[in-house]
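Both complexes below contain subunit A, partnered by subunit B and then by subunit C.
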Partner chain A sequence: MKNPRRVLYNIALWAVAIFFFSPIAWIALASFKTKNGILATPPQLIFAPTLDNYADFFTRPNVGQYFLNSILLSVAAVLLAILVSFLASYCFSRFQPKATGFLMFLLLSIRMVPAAASVVPVFLMYTAFGWKDNWLGIMLFYAMFSIPFSVWILKGFIDGVSQRYDETALVNGGSRLHVLFKVVLPQVRPGLIAAFIFNFIFVWNEFLINFIIGGKTTTTIPTALIIGVSNNQGMDWTFVATLTTIYILPPIIAIYFFQKYLLVGMTFGTVRGEV
Partner chain B sequence: MAEIRLERLRKEYGKTLAVNDITIKFPTSAVTCLLGPSGCGKTTLMRIIAGLEAPTSGEVYFDDVRVTDKTPQQRNIGMVFQYPVVYKGISVYHNLELPLIEDKLPEAERRKRIDDVAQILGLEHMLNKNVSSLDNATRQKVAVGRAVARQPQIILFDEPITNVDPNSRVQLKTALKRLSKQHNQTIIYVTHDQTEAMTLADEIALMKDGVIVQRDNPRSLYNYPNDVFGGWFLGNPGMNFVEYEVNGQSELGGPLFTRPIRFNNLNRDKHISVGIRPEHILVSPQPSAGAVRGQLTRKSIVVGGQYLLFIQIEGKMLKAKVPTSVGQAVAQEVWVECPLERVTLFGEQGTKIETELIPAQPVA
Partner chain C sequence: MSAIELHGVCKAYKNKPILHNLDLTINAGSFTVIFGGPASGKSVLLRLIMGLEKPDRGQILIRDTDAAHLLPAERNIGYIPQSFALYPHFSVYDNIAYPLTLARVDKASIKARVEDAANRLKISALLNKKPNQLSGGEKQRVAIARGIVKDTEIFIFDDPLTGLDFKLREQLFDDFKRLREAMDATFVYTTSDALEALMMADEIAALANGQIVEQGKTEDVFYNPAHMQTLYNLGFPPATLLNGTLERYNGKFMCHTQLFSFPVSLSDTGSAPTDVRVGIRPQHLCVNERPTPNSLKTEARIILLEDLGGELVIYLDKDGFTFESVLPHAKDHLLNGDEAVVHVDPRMLLVFDPQSGMKIGQGVE
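Entry: the complex of A and B
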């Protein structure tokens, strides 16, 4: 049983995992410490935990709204993106419009430039449209940004669903919508979930665009963190720690429950019918 | 009630001609088999009827309604493909029910229809099973049931039992026959398997290279093919063909016949083929009137205990299928007779020569 090689592997794996987890552990633990405790050197590993930070946290102005913004924006934007992507990738997969390959490449191009490069034109566009600090405007941006990757993921999945399904449904009295939502959709559910998770995490963590084209009414948590950091002379460490700890919970829960879909998503649907 | 009428139907894929100017009617309440070798255009023809492909030119009518431009959904048909297509992840019952819901049938009617087809197809015990857990044959039954339960006017089958194991094949065939008689539907059944076509069809349309060569009931098609192709493609083994040089004359003689045979050589063909089915050749170990002498080169047992004999007559090879008793009795030397009523003549173009065969009076 006790294969020394195996034990060694396990130790190495744990060491790596703990190394990467340590900043998260640090911030999560910090949310239960006092202000002085957080900054103590050497770091306190054993301390009397306190919930004061959380009590204080909920008295802060606007925190509720930050959360609401984050949740609503990411869920709404990603759902919209997935609906559009599903229809688009069905079209790419089945009707294969001319230059499908090139179109798919163009779609992805927005993801090829760093966000810092596209942020200026986006800012100018949004001010011109009067969409700055506009909830719908920002949602549209995030949806737009989530679509290319979703189309790529979903096209792989839809390609994997034989056209015979479409034809069977069509000749047996089904409409295109019936084919799309009753026949194809259930078979690409893993792809939809993978696309949702990937894009949800992206929007959830997005800072730059929200900072530039957002404003008071559309502030999400990443932006709130930056603003909150430099509160009254110096870092507001307890606030940062508490906010971060609550903030990382939704993605962790989502990833924990949908791990297997993330894997299929990363393989672009090439692992088929296994989920 | 829906007669399918195709008019001058043509389908080209680039330079390939899949369907070449087909004009045909498929009658109501009958099973018509489209029979032909792989790649002869039968599946394409079927897909055009279903509306899954648009013809390059020509028209499709259901009764007198032109449906050439209609979508598959508007055509009110059912179709079953070669590979079982079921909606994964849901139960058999739900699979059968989906199209019925689409048709907006009330719950009670849906249940009744599903129970009906399930009973005929032998699916009644697995209605609640998830289709993902079923084998291919059962899935195909589900696919058949789904097409039939809607009771469309027209049902198209595209080689539905090719990929099914032999046991389930018999079951499915029986079920298909029963189902087809129930609702007066027009059924087109595509297959490359002649046994399937012979046993299922009211009529067979024989296809070759995008053309329907002949269309007749199975027995006539088999006995009187009007083209060399029909003779060769049908039967196991196919028809014997013996070439004759007649040079425009109207008389045949050896090696098949003991005395001259007159026929009507309308087109003054120079070469003709004499066709006769292996099972129609009479073989005997003893000489008899009208029989020619041949050398037995090989014999083998085939299905049903019959013997397949390879007989050489003046350099021509004939295959004959004979009963066990004859097969066992024959030795190297055999006597072969080709009854005139079983002989078909084909002209230079491979088409049947419409003629009577009259033996010339023996010279006194």
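Entry: the complex of A and C
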């Protein structure tokens, strides 16, 4: 017979999980309902599902563009951030320039600044540079915002790679770049994946900056959700439900396949588990 | 001809001197062991030779060429690090082939040389495995194979047997000696283990206080050490060090210690200090055996007997001072708590300056 405490523990865990998952389930189910079905009181748990919302969704103008913007901005910004962060964290780890500890603290504190606090200066700067609604400009902003966290994760991993690897390569004729990309990089792959997933989710979900300094050519899905929620008949719930359901799929798939790397990300590489 | 020379080399980290005015000459074709205690600067010395760090001062010559501006790769040295440093994402074959791949040697030559190195170290069956599938001894053999596959005649071993079990280390002692003879190369090997140094070295360079305090043939350094640290560390159990005072008597010097008083022959009578340290190897202290006419005697109590199979270690106590004796065979009649007569040939008592640690004389009959 099972331990009663363990049974209670499992019930509590399931209750918390269901509580937090229910809004997601609601919006996902809503995407298969008619507009009246979504707003019905009491809510319909059993209903005839329809794919009309999806058929309608893909005929809407610019939907593909929003997705493309979200994907390209997220992937490009995070890849750039990881490249820069990898070089920076190697430098911090191996050469330990003066005030490394302070610089690392400063980097992390940048990430702790709430986006709302940087909106005005960023807006003024982007207006002055003429970078508003500029794909490269927005991508650079996201990359900049992704660098601190990536440096923290990757430095933890690179610290764990013995310097004897570097030295063996250098003595045998390898260059520093060879050491970086052929010796160290393959050994910190879990850290790279963790940094990628964390920052991808951040950029994918980012709304405020995109809303303020973005525009028609750089609108991502979170912004599209806001600007497309109402039509002539009020709130367009079927569009919201369908777009949200499709929008949350990529992070869910990524988290499902790479969940073991998230732990190393949350602990800055100090807890590696079986990755 | 020398393979490596260091002249007046200094190196400090954060103002803490590690190596100070160090001079060292490593003869071509020798198996030179740089012997020193933990954190004595052995690895720093090797890193300077390999060009992984620059000296603060001094000159390093490799093959009679000033190495100041040579990159690590340009020094053409085979390197076997302490921690194996096998690349986990490479197979054993690729790990061994690594120096050749970097040197852009053609694939056929790489294959032949990797197989030759693997045969020498008896790891041919492991070539397709990944490092995480190997035992500690196998990993070390792969690391050695990677080091020796390089087309060079100078090889550096940075304390490569640390952490391996004794049996494995013994096997690798043989491997190293065989390899050096077969390759006719210069092996520079660091260790803090006396047994490793004594079993493998043609020459020992003793590192203490950031300097090479003595260098010479293994037998000379062992039997006639010039520095107190060498006497103490190079041997098992460690040598006994006694506090002594020198006294001039009728133009001769007598040394008084807590165990023996004996006449001393000093190398420089003019500058001899009053307080000295006297060292004696446990193997030279005899217990309850028939003394020679000139041997020195004292009485002590046996506090512990350790039978190591081939030899017997006897722990003795005299008025609160403990020391050890080693007999080459078991003695059934010795018991804990027994009073024993300890005697020594006075010529085996070495006298050191406590400040510099250098030998200033030894006992005479």
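The rule we apply is simple: the second predicted complex is superposed on the first by the 268 of 275 C-alpha atoms of A that agree within 3 Å, B and C clash if a C-alpha of one lies under 4 Å from a C-alpha of the other, contacts with A are read in each partner's own complex, and residues count from 1 in each chain.
We take it that contacts are C-beta pairs under 8 Å (C-beta built on N, C-alpha and C of every residue); 3 or more make two chains touch, one makes a residue touch a chain.
Computed from a predicted model, the values in this text were never measured in an experiment.
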Subunit B and subunit C placed together on subunit A: clash or fit? clash
Quick one: is A:R60 in contact with subunit B, with subunit C, with both, or with neither? Answer first, second, both or neither. neither
- Once the structures are superposed on A, label A:L170 by its partner contacts, choosing first (subunit B), second (subunit C), both or neither. both
The shared contact residues of subunit A with subunit B and subunit C are 162, 164-165, 167-174, 178, 183, 186-187
Subunit B contacts subunit A in the complex at 50-52, 71-73, 75-79, 81, 83, 85, 87-90, 98-99, 102-103, 143, 146-147, 150, 152, 156
Per the touch rule above, subunit A residues touching subunit B in the complex are 162, 164-165, 167-175, 178, 182-183, 186-187
Per the touch rule above, subunit C residues touching subunit A in the complex are 47, 50-52, 71-73, 75, 77, 79, 81-85, 87-89, 98-99, 102-103, 146, 150
Interface with subunit C, subunit A side, in the complex: residues 162, 164-165, 167-174, 178, 183, 186-187
